[in-house]
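Same chain, two partners: subunit A is paired with subunit B first, then with subunit C.
For the complex of A and B:
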């Protein structure tokens, strides 16, 4: 039952991060790193269990009425991702503490980072669709905060917003897909979803909605545009969120839902199609970049595309390749990002054209970068080689028809050779050749601090270890792949498969990649000429259009004229009553006592109506006041006639007071009583008024047909004397049964009095 | 009389609406007063009209089953008093507005700064 605590521990610890920073000062990174390190230890302790195919489950109810539970499930797939998240999280905390040393907002940085880590663990370990969505959105929000960490820079804010809008919007589509999925499957628990979903009529819409969520998060074409802009984040964030973990959430989702959604033509072509396009586009776009982080961002996009493509293909070749690919990429790309951050930190630039020959000044960085780049290029003895062999093997075993299958092989080889060329640019271009870097007075360039080299070193060593001994991953990959395929299988990874087609393709890609690197300058220019930032323009235009559109709409609706708001409210209210009048038209005049009226009552009624209408017609303010008083007096008379002596008394008193107040105020006001409005406005207002008046007339006739509930009245009549010793029931209600209401009423009067006093005294 | 009451309430609502839609502050305030009368009378009529049977107990009082309903009366009594408070406040507010801005046209009031 420790599992939920493990997942949520980051959330619990996050608020204390600023305190830790204050207390531990420059060692804060090491202290913060303890938490992810503990999580790694816990997960490692579960390894033996999980590797034998067991699953650890724990569940906390959250909102049972919505079928929302905090259900966690640790299987092979979840464990692989959770280990990456907490393991790289440990290294990033140490690295970040050194990278941002002395930054005034370091505490805030760690707070966000821990929240992100908890959210990410929640995503990969949740067994409930809705909880997964909540954690998913939490990663978007913490990513937003981390990209915008340097919020005083406009580019940071824009990049953060772009990432949030695109992934957030995708998340909403995904939520709709999840609801469909949960309703169709009869359960929101992922492990209980049936495998018959693909035969249901709503399968395709549901699949597309879920895919939009996964594609936006994992930066698939054409949603990839947010990821390069997210590089505005501090480098530890880029290394952690935008390379090793968060962007793989989409890949994870596809893997997690594969058992229930995959194995249909729609899945095969949609998922692998977008993945393939992204893979090629990412590689080509990476070529034309000159900023270290931008190059890494585009190659990340390309690799995410590869992973998505593999999951689209399905089958054990592709899924094994994807699982090894996730691990490989996290190891070498995390290292490269951290090393790029080190170079930036030391030289003050990330522009590849300004850098060269740094190997003598930064020897450790040079070695580590070279090793990570070799893994990226897929050179033997590094894990990247194993991953690429599996990738090529999978490309030879797609579910495509023949011609498309060969196209896929060509695309994979193309992407591989681009990776080789880019790996050469990153390592050879920066560390070899003539020495080049922006010189600063009195500063001797050196390797970054050990804290900043520890992370890349650990990752490179792991790349090398599993590159030499891929068999060490057999159990992990078998369990993870098994969870994706929904069956148990055994995996035998090895360094040497003999001379086969995959190896030949691999060697071809390496040779061609070196070739592309050599002629790379001309290639880049060509790429620049062909590619235009189409989707970025579309994003900018949509955003600008929405903002200005919202502005115009708000200007129209929220115009600030009270009377137009009133018109809308009154006309809508009249329409509501109007439709009831139409529905009950037959009963409107059905009451027999409707015509029961005395002669003097007719006189009073006619007088009242005349006085009211004259108020609107008079041009003299004194006449208006007097008429208002007359109306009040006549209403008192009506109260007298119809058995309401208390009302009559009160009304008469209040009306007298009112006339006095009115006269007092009017005496000091402007002399004339102009209407200010045009003839057209008056006619329009008259029409509205008549509509409202007609509705009120109908409302009275409708209302008197509805018998009231006598319970309350009977109670007051029966208990007025016995309980409160009063004969005047209305008085008893006011001062006894509902005396608290009367207290409220008096308070209103008191407040009005104070307000009036303040208004008259204030200057 | 219910029909007559319906006519009175309708007229009050129509005139009240017309007056609150005016640009002249004073006219708008008068409209507010008319609408408050309208609401009271609407409630009163809905409670049922009874001649000569006030809700009083004891010697000479009406029989409970014929008696006018005391509940709407209690509600209206409260409403009349609160209506007065609101009217008085709005009147003084209007008075101060005109005094400060020398404008009695609502459309001339566009900003809260001088």
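For the complex of A and C:
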């Protein structure tokens, strides 16, 4: 039953992060890291249970009427992701504390980070589709705040907005897909969804909607454009969100829903197709980058494509490859991001053209970068090698027809060799060769602080450990893959499979990769000349178009002329009454029973009409205002006569105040009505007045002729004293029966008051 | 408008008007009146001061800052009586009437009266804030 607390602990702790920073100062990162470390400990304690195939479940009701529960489920797949999220989260907290040391907003940074971590844990451990969606959107929002952390820079804000718009929009599509999924499956609990969904008529639309959500989040082509711009985030954020966790949420979703959605041609071709394109596109686009983080971003896109492609293929080769791939990539890419941040921190640049030969000055960074890059390139004795072997093996066992299968193999080899070339560029290019970096006066370049090296070191050691001893992952990968495939299986990972086709392909890729590295400059130029930022332009144009369109529309509707607003309101109101009058035309003019009309009632009527005619005829604003007050007072007199004292009191007071306010406001205007209004305007105003007057008259006729529902009145009369201890029904309704309305009204009143006050105070 | 007669008269009738406002507010549950009407009467009384003798004159009784605070306090009071019952497991805006609490002329006492007091203050505060500021603008012109 601890599970929900574990997931939500980040949300509970987040508000206290700024206090921790204030108290712990420079050690804040270490203190914050305690929370994810505790989560790692909890998860590790569940490891023996989960490895024997057991599932830990806990459920809290949230909105039962919507079938929305906080149901959490820890199985092999969830555990693998949760361990990555909390484990790397621990390292990032320590790294971030050092990277942003002394930053005035460090507390805010940790606050967002903890919220994000909780949201991410919620995504991977939720067993309820709607709760998963809520956590999913929470990751979008917290990542928006994290990417835009340096909010005084325009590029940061733009990058954050782009990520939010694309992933948020994708999330909405996904919500629609989830609703279809839940209604078709008869349950919003993921583990209870039936496997017969693929035979239902709405399967394809539902699948496409869900895929849009997964693809936008995991930066699949053509939605990949947000990820490079998200590199505006501080490096700890990129290392956490954009390598290990958030971008893998889409991959996770595909894995989670595989048991119920996969095994159809639509799934196979859609998922693996987009994955394959993304894999190749990410690799090629990475070639033309020169910014360290941009290179890492594009290779991440490429690898996300690989994972999506593998899940599209399905089958145990591909799924095992995907699970090992998730782990491998998190380990080496997280390390590379953190190391790139260290280089940036020290040299002040991330431009690879300005860097070289740093190995003597930053020896520890050099060794760690080299090891992480070797894993990226898939060199034996590192986990990357195991992952690539599995990947190639899977490529040889796709569900494709033969010719397409070979195309897939070629694509995988191409992506692999590009990874080799880029890995060389990142490690060899930066740390070897002639020494060059932007010199700063009186600053001796050195390795970053230990807190910034701890993270990459731990990740690299894990890469090496499991690279040498892949068997150690057997249980974990078997449980995770089993959850994806919906069956239990055993996995035997090993370093040496003997000489087979996969090994030969792997060695070919390495050799070709080294070759590409040697002619890197020419390849990059070629890519640069051929590729144009098509989708980015489309995004920019759409965004600009929407903004200017909204601006034009607002300009048309909110023109700022009070008289036209009034005209619209009055005419629409009259039209509404008018259509009701047409509907009840039959009863409208049946002569109503008005009772005995008294002489003084007629006098009040005559006085009122006289005042109104005078208002229309006067040229003096003050006279008009006072006459309006007279009309109001006469109407309140009518209320008195028809025994509605509360109404009469209110009307009289409001009229009094209104006359005062009008007089004050008109102090700023000319005393006489301007007589430059054209005859057209006058005729139009007269027409509107007549129409509105007729409508008001019709409304009164309707009210007299059509009796209201007497049960409402009777209810209040009968219950006013017994239920609410009051005899004045009007007031009892205001403060008791319908007090929610009153609450809303006084809130609006107060807001309006503050608004008017602010406007009046201005110049 | 600067009239000695009005200014002097206002000073005399102001306490009466304010007392009348409170009276209207208190009897509201059983007789015509209530927080809204009472609040308007009180506000109108002070506005009379402002119109006859200027903002300075009115602000000897209630400053704009006080008005703003009244509005805030009233809103807070209304929201607290609205949300409070939830803590006791009752629905929003549940009215609680302590048994036996009754005052001659007012009737039974309960949380709706507190809610109405919130309305009373919001209406006074909002009206005064806006009108006093408006009078101030006119005077400075």
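A few comments on the model shown:
Assume the second predicted complex is superposed on the first by the 559 of 763 C-alpha atoms of A that agree within 3 Å, B and C clash if a C-alpha of one lies under 4 Å from a C-alpha of the other, contacts with A are read in each partner's own complex, and residues count from 1 in each chain.
The working rule: a residue touches a chain if its C-beta (ideal position, glycine included) is under 8 Å from a C-beta of that chain, and two chains touch if they have at least 3 such contacts.
These numbers were taken from a predicted model, which means no experiment stands behind them.
Of the two partner chains placed by superposition, subunit B and subunit C are both touched by A:727. Once chain A of one complex is fitted onto chain A of the other, the partner contacts of A:756 extend to both subunit B and subunit C.
In the superposed model, A:735 lies in contact with subunit C only, and not with subunit B. When the two structures are aligned on the shared chain, A:646 is found in touch with subunit B and with subunit C. Of the two partner chains, subunit C is the only one touched by A:667; subunit B is not. Contacts of A:612 after superposition on the shared chain: subunit B is touched, whereas subunit C is not. Within the superposed three-chain model, A:161 lies out of touch with both subunit B and subunit C [touch as defined at top]. When the two complexes are overlaid on their common chain A, residue A:396 makes contact with neither subunit B nor subunit C.
Between subunit B and subunit C, the partner in contact with more residues of subunit A is B. By the touch criterion defined above, A:690 reaches subunit B but does not reach subunit C. For the contact definition in use here, the residues of subunit A common to its subunit B contact set and its subunit C contact set are 645-646, 650, 654, 657, 661, 665, 668, 727-728, 730, 734, 742, 749, 752-753, 756, 760.
On the subunit C side of its complex with subunit A, the touching residues are 24, 28-37, 40-41, 43-44, 47, 51, 64, 68, 71-72, 74-75, 78-79, 82, 92-93, 95, 97, 107-108, 110, 112-113, 115-116, 118-119, 122-123, 125-127, 129-131, 133-135, 137-138, 141. Only residues 561-563, 566-567, 570, 591, 593-598, 601-602, 605, 608-609, 612-613, 615-616, 621, 624, 628, 631-632, 635, 638-639, 641-647, 650-651, 654, 657-658, 661-662, 665-666, 668-670, 673-677, 685-686, 688-690, 692-697, 699-701, 703-704, 708, 712-714, 716-718, 720-721, 727-730, 733-734, 738, 741-742, 745, 748-749, 751-753, 755-756, 759-760, 762 of subunit A touch subunit B when the two sit together in their complex.
Residues 645-646, 649-650, 653-654, 656-657, 660-661, 664-665, 667-668, 724-728, 730-732, 734-736, 739-740, 742-743, 746-747, 749-750, 752-754, 756-757, 760-761 of subunit A touch subunit C in their complex.
Contacts from subunit B toward subunit A in the complex involve residues 1-15, 17-24, 26-27, 30, 33-34, 37-38, 40-42, 44-58, 61-62, 64, 67-71, 73-74, 76-78, 80-89, 91-96, 98-99, 102, 104-107.
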